[in-house]
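So, here come the structures, one by one.
Each of the next two complexes has subunit A plus one more chain, namely subunit B in the first and subunit C in the second.
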Partner chain A sequence: MRQPKEQSQPSPSSQEEPFDTKLARRHRLGRIWLVVFQASTIVGIVALVALLLSIANSAFGYVIYEYDIDPAELAGGDVPLEELPKETLIAILQENISDGAFRRLEDLKPFADRSQANVYRLVIERVAEPKAVEQWTLYQSLFNRSAIFEEAVRDYPDGELRFESWFDPHFVTAPQSSDPVQAGVRTAILGSLWTILVAFLFAFPIGVGAALYLEEYAADNFLNRLIRTNINNLAGVPSIIYGMLGLAIFVRLLEQLTSGAIFGLTDPTTANGRTILSAGLTLGLLILPLIIINAQEAVKAVPNSLRQASFGLGATRWQTVWHHVLPNALSGVLTGTILAVSRAIGETAPLVVVGASTYITFDPDGPFSKFTTLPIQIYQWTARPQDVFRNIAAAAILMLLVLLLSLNATAVLLRNRYSRRL
Partner chain B sequence: MSQPAEFASPDGRYAIEARRLNIYYGDFLAIKDVDFAIKRRKITAIIGPSGCGKSTMLRSFNRMNELVPTAWTRGQVFFGGQDIYQPDIDPVEVRRRIGMVFQKPNPFPKSIYENVAWGARINGFRGDMDALVEQALIDAALWEEVKDKLDQSGLSLSGGQQQRLCIARAIAVEPDIVLMDEPASSLDPIATLRIEELMRELAKNYTIIVVTHNMQQAGRVSDYTAFFSIDEKRAGYLVEYGDTQKIFTNPEKKITEDYITGRFG
Partner chain C sequence: MEEPYADPNAILSSSSPAAKLNLRKRPRIRETIIQTFLFLCGALSILVTIGIVYELGKESLLFFTRQQWELTNKPLAVDINASVTSFQVGESGSDLEVDDVIRISDEIMRVVAVQGDAITVERGYQDSQATSHTAGIEISLSEQVTLREFFTTTEWNPQIGKFGIWSLANATLMTSFIAVLVALPLGLGVAIYLSEYASNRARGLLKPILEILAGIPTVVYGYFALTFMTPLLRSILGRDVVDIYNTASAGIVIGILIIPLVSSMSEDALSAVPRSLREAAYGLGATKLETAVKVVVPAAISGIAAAFIVAISRAIGETMIVAIAAGAGPAFTFNPFESAETMTGHIVRISGGDLSYNSLDYNSIFAIGLMLFFITLFLNIVSQQIVRRFREEYE
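Right after this comes the complex of A and B.
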């Protein structure tokens, strides 16, 4: 019968002790690994914060605008242009733009229905026509203010120095424009949302159906194992390959379908397959393997006891799958779909190949219209030489992040609602 | 395998009968050459050491074994005058008429009402669903405890209540036979006794076949007992089958007596 030891440390080898516990060393090793893990987390957080800060740095800052016509001149009195009544602003507008342009604005939305702020905006855009001649980053704007003020007074006496948030409601609601000061991402946001919708509607039912078949119905033979392996491989194929596939099949081969000619929406001879439908289907193919793999895992995780209970009551396999397996797997399936859709939103290369338009100003009005998407817009703006495009590209990146976060948050909320019911 | 002559009669006094039944998982023979007839509206217990194939034997009665891809059978199981393993027999219909209660209670993650109603609904029940649910819960001795909370989740009940819910669910589709695979083994002693009382009540209307590793339970509850054991090739076989009183007080085979008195298993 061994006596309990008085000390907790192993004593020198004068005693016959079967366990050489080395407690101090084991704890020290544990602490070292803990520090390594903490450091890894910190590196990740630092990288993320650095990314966000560098984007925000370009998206906010002081700007010097020079106007073709000074707003103060237009206002013509003591009252600043911003505060003039709507009728006065409409009169100024009518004086300074062509009759044709004025009529077009009236047709688009009657001036009687427009707000004073809206008309003021039009006057600034069409008459005053500001150009951004110098920009500073957020960091410079916060810490070098006096130097900026000096430079503004010295080099640009006619210009207006203003703190600009490039990412503001105007940016989100304005359509694309060749003028970087007026440009907005509304066209791109709508294009992104439309293509994601088409991709989701295509890939979700097919992906979940395939996963259900592979997990619930398919026998475990060679052919099915081959299929499973290949689906896993498809998830890793570079996205530009999907773009080339989309170009060959959806844009060219199925041109009559994807351009809407089959439905009589466009003339078959001038039909162009570079539409939202082609892009959505291409993205759908891209995310299909991801959805299948995730849905498979979710279905596998449904406990077998549930299936047994269902079969024991005389249910068919289909009834078991539809009433019990699928509802239980739903939260996992939704998680996988969130991940897949998040990936699809950021895809640029395949959509460039499939033919996102480089310049469109009208909103997409259906699956058969031309389009552009946020990542493509960002890519185009960063490729331009002028500095000011850097700012609006940064603002567009922030918009993309906001879009991503809201989609994810909605999906997570949906998923939690379903999980809580169980 | 010798069994009382009355069981072998073909005039329908048995509820279900296995003839020369062999059950395989791939190449492995799990149940060897069983002849076994169950009397109508009685409780038959299947006892035996671990791994002797009691659950496999039970599940062969409602064709649940074939949910395992490698399982296959040789031999016949007669129910309602027909061999249920014939190719033209639909296992889905067999499983409605031969219900099952599992070892660990597994109510659906739905409301108590839905748990009981779902089986009836998918089998095309056209009558008054509320009355069916109420009757099933009364017959399962659960109605008084849940009648005010029928729309709460089935998972919110205690273990014993969940098992009674599973029994209600099984009898709601009006089976002829109810198979029970160690129904009380995961429950506390009080819940266990309630399940045993329930089994005796149910036996007035249904044939009950229960697998149990608890010999005292088999002795308390069953009318007939079948003792299975494992041979040297790890295949299960029916050793002895008869009146519970006789098996427990005066078994014919020595191996049965050894098991009953606890010398092995």
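Right after this comes the complex of A and C.
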């Protein structure tokens, strides 16, 4: 790298080393830097591995639970609580919670229709009320088991020590709750799906339309050059700025529309415009430049001979685009769109600004309801000081990564299935 | 692209004059409608930009022009009528200074001189009516944010009306600087390795792995920074040195986040350098390292510089990592192990609560946002210009 200056001097000076020793040094330098280059690649991979491990580390591990009422005590006899018939469980439930609470449960879903497993869950949640009093990471759980067992016996004689996978079916299907042991991410998953559905419906047609315009119609004039440059610049705008745009336009200016008031909806809980629709449109604006840029690439890749053949047969420009260019570009367009959508799923900052709810326990039921999303949940839980929230944050991250992975797998499948050889 | 019906009339009419075929180009309404729709789709992007600038600009303007009245808890000590310009005020409450704009009930006054508890004022300031007031009315003080205060002071504390952007901007610069320190050398190293050294198989394996890093949501990186990087720094440097929330940990993790951005953009630039340049260097006896560093990298320098600038812009705009790991609460500090709130982190924290429109807080985040928008826009444009102007065209 830093070669001495005298090399460029025309006459070899007296201090010049003999060629052989210099060559050896040059090669040694080459080997050293190769190690440096390899090391930087390895650092990147190590960072990725550390990231995944630190998530797994928190998502699994030993936990000590303490119960308000021990489940064995509730069951009474020799049969464990889990295996009691539904009727007995309902009786236990009715005995231990207030009549009002019992009626609310009945109203929510009649006990006759509930499964035994569901009632068992209710008994655990409402009557036994487990509290996670201490938890260990996966690393500690694997390599420090005896110490954990000792401590559990010594410090928590009433507690139940269990190896917990925080990311389990209950976590995925349960609604949000302020109790970390009972909390789940169903509300958040549904919120995420709703918002990206709105974002997709908004951004996909417009993005593809814009790409078709720029590639198939636009003449090379000032306006179109401006549009092109502008799209590239928009792709580099920080996502939080889109959030502020969404707050100013969708939440505040178009409140009547986004809260559903002009459609006659007057639900007081959603009337402030901080709805799925606002969030979806904001994310739509955010991914629009990405969709346009990806779709442009896909449209560009369609060979010109196809267009000329179509024109030669007398097709109009739109007929050419609709019947020949678009079908051939579709796999590329879809792949690019899915990549953009997976970016939208992970976005947090714009949704915080637009006004995601921090705590809702009911499922979103349409574009005008309040929402929370998976990344928002992760952010909320990570920001809590108690350790047990870190565990469920890690489980929520696993859920988010599973969602992203399946989306990306879909993108790969689509590309393989629809990519026609041209 | 040629219009398919150029002028067929001229050819056809000469060969068969009898045929009354109308081959003139007909207006195609459907085509026009579709074309207009597609144009509007394209033009929407311009509307988005205008929307960003307009909304952010409008709220920022409000931020700099609105007058807030803050109670001083300082009462008027004597009765005054409409013509008195010097009077006594109470001893309690916050002090008044020359040039302060004060309000007593509906009348606005400007303080001209202060002598102990007596002040001299200019009555009926800002088109208000000079009227008489009774003793005991509390005096309100005008809090107006000036551009000068915004850009030159270092304390940001909306509660007491301090709006100095530098405490937030400084934290942003710190995290970005640390991120760049991590990402630029590593990213360039990765790019040189992948493009100049790695076999096709190794590249095919390593590139997608590194791209996973770019696809992970930033909130996950925030979690990583708080639960892995911060404890790591604390165990290396000591718990007394490193706070739980600190800019160093956030900066390092932002750096990890932008490594793939730097490496993939730089690698594209390096791979675009034609083989002939490398072969010429080998032919002159250069080693592989010398070829890579003295021939290929300089030839691709415009692309690499563009990658660096895009990475810086990305680091400045990064939000969730700093919101989670860098700490809440503005602080003007150059110590990377102390907590400090960045511009983006502040916007997230303020807007996360119940934010009422037309409050100074609401306006202030738009002023920060506007500044952020212009910084990143400027960097992106510079990056594009570098690519356009300094690109070495080969073949």
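A few notes on this one:
The rule we apply is simple: the second predicted complex is superposed on the first by the 369 of 422 C-alpha atoms of A that agree within 3 Å, B and C clash if a C-alpha of one lies under 4 Å from a C-alpha of the other, contacts with A are read in each partner's own complex, and residues count from 1 in each chain.
The rule is simple: a contact is a pair of C-beta atoms (placed from the backbone, for glycine too) under 8 Å apart; a residue touches a chain by one contact, two chains touch by 3 or more.
Predicted model, so just to flag it, every value in this text is computed and none were measured.
In the superposed pair of complexes, A:Arg390 makes contact with subunit C only, with no contact to subunit B.
Once the two complexes are laid over each other on the shared chain, residue contacts for A:Ala219 go to subunit B alone; subunit C is not touched.
Taking subunit A as the reference chain, the count of touched residues is higher for C when subunit B and subunit C are set side by side. Looking at the shared chain after the overlay, A:Thr316 reaches both subunit B and subunit C.
Of the two partner chains, subunit B is the only one touched by A:Asn328; subunit C is not.
By the document's definition of touching, of the two partners only subunit C reaches A:Gly209; subunit B does not.
In the superposed model, A:Ser305 makes contact with subunit B only, not with subunit C.
Contacts of A:Val237 after superposition on the shared chain: subunit C is touched, whereas subunit B is not.
Contacts of subunit A with subunit B, set against its contacts with subunit C after fitting on chain A, overlap at residues 307, 311-312, 314-316.
Those residues of subunit C whose C-beta lies close enough to touch subunit A in the complex are 1-2, 4, 28, 30-31, 34-35, 37-46, 48-49, 51-52, 55-56, 59, 185-190, 192-194, 197, 206, 209-210, 212-213, 215-224, 226-228, 256, 259-260, 263, 287-290, 293, 310, 313-314, 316-320, 323-324, 344, 347-348, 351-352, 355, 357, 365-366, 369, 372-373, 376-377, 379-381, 384.
Across the complex, subunit A meets subunit C through its residues 1, 26-27, 29-30, 33-34, 36-41, 43-45, 47-48, 50-51, 54-55, 58, 205-207, 209-210, 212-214, 217-218, 224, 226-227, 229-234, 236-241, 243-245, 247-249, 252, 285, 288-289, 292, 307, 311-312, 314-318, 342, 345-349, 352-353, 355, 358, 375, 378-379, 382-383, 390, 393-394, 397, 400-401, 404, 408. Every residue of subunit A that touches subunit B in the complex is listed here, in rising order: 219-220, 305-316, 319, 323-324, 328, 421-422.
Taken together, the subunit B residues at the contact with subunit A in this complex read 62, 64, 67, 69, 92-97, 99-100, 102, 104, 106-109, 118-119, 122-123, 166, 169-170, 173.
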